[in-house]
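Going by the order they are written in, the chains are A, B, C and D; count residues from 1 in each one.
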Amino acid sequence: MINKKVANVSEALQGIQDNMTLMLGGFGLCGIPENAISELVKLNIKGLTCISNNAGVDDFGLGLLLQKRQIKKMISSYVGENDEFERQMLSGELDVELVPQGTLAERCKAAQSGFPAFYTPAGYGTEVAEGKETRAFNGKMYVLEEAFKADFAFVKAWKGDEAGNLIFKGTARNFNPSMCGAATITVAEVEELVPAGTLDPNQIHIPGIFVQRIFQGADYEKRIEQRTVRQKA
Amino acid sequence: MINKKVANVSEALQGIQDNMTLMLGGFGLCGIPENAISELVKLNIKGLTCISNNAGVDDFGLGLLLQKRQIKKMISSYVGENDEFERQMLSGELDVELVPQGTLAERCKAAQSGFPAFYTPAGYGTEVAEGKETRAFNGKMYVLEEAFKADFAFVKAWKGDEAGNLIFKGTARNFNPSMCGAATITVAEVEELVPAGTLDPNQIHIPGIFVQRIFQGADYEKRIEQRTVRQKA
Amino acid sequence: MLDKNGIAQRIAKEVKNGYYVNLGIGIPTLVANFVRDDIEVEFQSENGILGMGPFPFEGEEDADLINAGKQTITALPGASFFDSSMSFSMIRGQHVDLTILGAMEVAQNGDIANWKIPGKMVKGMGGAMDLVASAENIIVAMMHTNKKGESKLLKQCSLPLTGVGCVTKIVTNLAVLEIKDNAFYLVERAPGVSVEDIKQATEGTLIIDGEVPEMQL
Amino acid sequence: MLDKNGIAQRIAKEVKNGYYVNLGIGIPTLVANFVRDDIEVEFQSENGILGMGPFPFEGEEDADLINAGKQTITALPGASFFDSSMSFSMIRGQHVDLTILGAMEVAQNGDIANWKIPGKMVKGMGGAMDLVASAENIIVAMMHTNKKGESKLLKQCSLPLTGVGCVTKIVTNLAVLEIKDNAFYLVERAPGVSVEDIKQATEGTLIIDGEVPEMQL
């Protein structure tokens, strides 16, 4: 067993530098690497390019990095829940690349899997395809999209073991698995870190080979963005 | 819940015809759809093109179909455990397309995922790449490989539920998941079929959307091809 | 004339037994409320769930269980969770049988625009471009005209496109229409709406072939 | 001169702490027996296991747990199972640190042939083409000459290729060699083997740079 455990978030972020490209898991505020984001704020790393489906809200998630102007560029599919984001984008302080959600996931997954590029129908005939190769297969048009390159991937899982194996919970899984192994260094934070051999090898979503560092996260807030309920009859 | 349960293997194979293209899961004799193969033998379906990593042994797995000359063409990565296969291939009765193992898996997965084709480094500069488009990305050469098209996919899982959700066990997983949803009709046979709601939704390897028919298989032999043991010290 | 719930109710009739359905934000979300109880349907949300159930009861919300609109949800028996890559394999691989989504504009060639208004804050396309480019069966749910009273069924979209030639059916507050041969075919009128009303509200080519029935809800 | 176990023993020294390793069939399989106990290593088998352990004890074989050679195996603590697609993501994505496999021929430009002999039954390439095309760190384990006594280290492969320009290191019964600048660099001699012996057995360009040490096992 190759041990990937590090003592804490500080050790997990060793080597992080200004102007790096990061992948960050999560959909909205669900399944985001809360500890890694807090540490990025604390270290005040600047000039970041962040690949993440969303940009958080004003006072949580990636919004915390936006508040401190740590992000130079966002690569996302949907960024609409954040006033500070809007202000920085409209003023030109923040560069934004919008990518269809499935394409975003697959550009991560392609990096994980050693595929340099792939053809997807998403965005054909739209401004997303501008400047990109398009091509017909079996009479349907596709756009060639390239794998991402990133320095760090920060992911959040439910359970993990010292070998770096990860298990996700509910829809907090989302982009996290596809980002594992898609960057030079993948850092996984988990709610519960167990010894190797504890998890059923049949139930592991992401094998430890895709993870370089793992630590048990602390103080998860897991904020709900749109609390929606129904009334008991 | 959309119920995918059928009563038995006979119902599961409704619509199967001569000259169809089939995908069959398994690696060696591990994780093969034993019930579906037996039924294909019984129905004496002929002229089949079989996409399967291996071709079984003389008297088990796809070897049973070869014995009865039901297979016209095999698309596999390794076929070396079978004398009848060798005889038919050398005599020209059987057409064989050899495909690198990772390419075989991904040509199934591409069909599942709606990717028409993909670039892989496997086989570049070899006879596998002959007649195919090759292309450099970031200074490395890749071969363009196309998604498979198949009429039926036959897969074997450990547990499944009526909604078609599947869980695999050990290395019997292998090619089975990538073949689900990669053919017009996917038939899953399982060792244990349980009511919907019984399986933990976090632990499902293949969601039921990729499966059209599911049934509980019978009389699994699960033959071991290379029994290898060590001595107790 | 229908309200939003009426549009959702009419679309629910398009949901057939055995369908996997992806519902967009807005009117499409309401469709789930009107699907018949006696057919088997599963809802997919592209953030990673199949077999999505209703909103949770107060106090039973789970932060790890949301839909693509970031709302708290529940999972029904037979549900499964999966990652974003597999989710779009379902969509791109055409395993999802029906996609219902909103639009700002639809053109008579099937083009759709629903993600960007030049000069306004762009929130992003989310999964819409993947959905419209992949699905074989797309229904657009929208009001027939915009807030200024201008038609949203056009000869050609004026806004940046989300997808080309992909819409086949539209249900609005006024009508059900199908797109073929570069035209809108009027299929049904909303209760109390005349063919003339629909003509007035449709900028694109409208084909009226014989008597147009009033829709049954 | 080394026997097969000796070749495996020498290659085991190339296995470093923290390595994920894929072992081919034949001599490479033996390498696992010689890896030091005090380093952390995990073995990957491309049919879908990471953290592969030794063969099971008699009576503990599990038909659902085999390696790529179809042999019954065990799983160590921290192991995981996965499908073929993810397995080759590990390989193609260069997450596997070291690949050890056999060969029929290696050329001085790094080409390798190990899957097909024209006129003989072709069993297939299995995962070898994916492995050699993807791995950054490939060691070939083989006898220096074939059964007829002919060199397997050639100027150019005569057999159909498995991959081009991919081999960087070779360990044979006679020597350890590295491939660079279109030549075989002699790095170590096997115990009791002279430089002259190695020259005789090598058809390709052999570079001898100063004193060549005998290998330490």
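Keep this in mind: a residue touches a chain if its C-beta (ideal position, glycine included) is under 8 Å from a C-beta of that chain, and two chains touch if they have at least 3 such contacts.
The structure displayed is predicted, hence computed values, not measured ones.
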Graph distance between chain A and chain B, where chains that touch are linked: 1
Whole-Å gap separating chain C and chain D, where each centre is the average of the chain's CA atoms: 55
Intercentroid distance (Cα basis), chain C paired with chain B, Å: 36
Distance from chain D to chain B - Cα centre to Cα centre, in angstrom: 28
Chain B, residues touching no fewer than two other chains: 114-115, 120-121, 168-170, 202
For chain C, residues contacting two or more additional chains: 49, 75, 81-82, 88, 91-92, 134
Chain contact topology (line, ring, star, complete or other): other
Contacting chain pairs - touch in the sense defined above: A-B, A-C, A-D, B-C, B-D
Touching residues (chain side chain D, partner chain A) in the complex: 18-20, 40-42, 44, 49-51, 75-82, 86, 88-96, 134
In the complex with chain A, residue positions of chain C that touch it: 45-49, 54-58, 60-73, 75, 81-85, 87-88, 91-92, 111, 121-130, 133-134, 160-165
In the complex with chain A, residue positions of chain B that touch it: 114-121, 137-138, 140, 142, 146, 167-170, 202-203
Chain A residues touching chain C - in the complex, by the definition given at the top: 27-31, 53, 76-81, 86, 89-90, 96, 98, 100-106, 108-109, 120-128, 158, 168-178, 205, 222-232
Touching residues on chain B, where the partner in the complex is chain C: 1-3, 111-115, 161-163, 165, 181, 195-197, 201-202, 204, 207-210
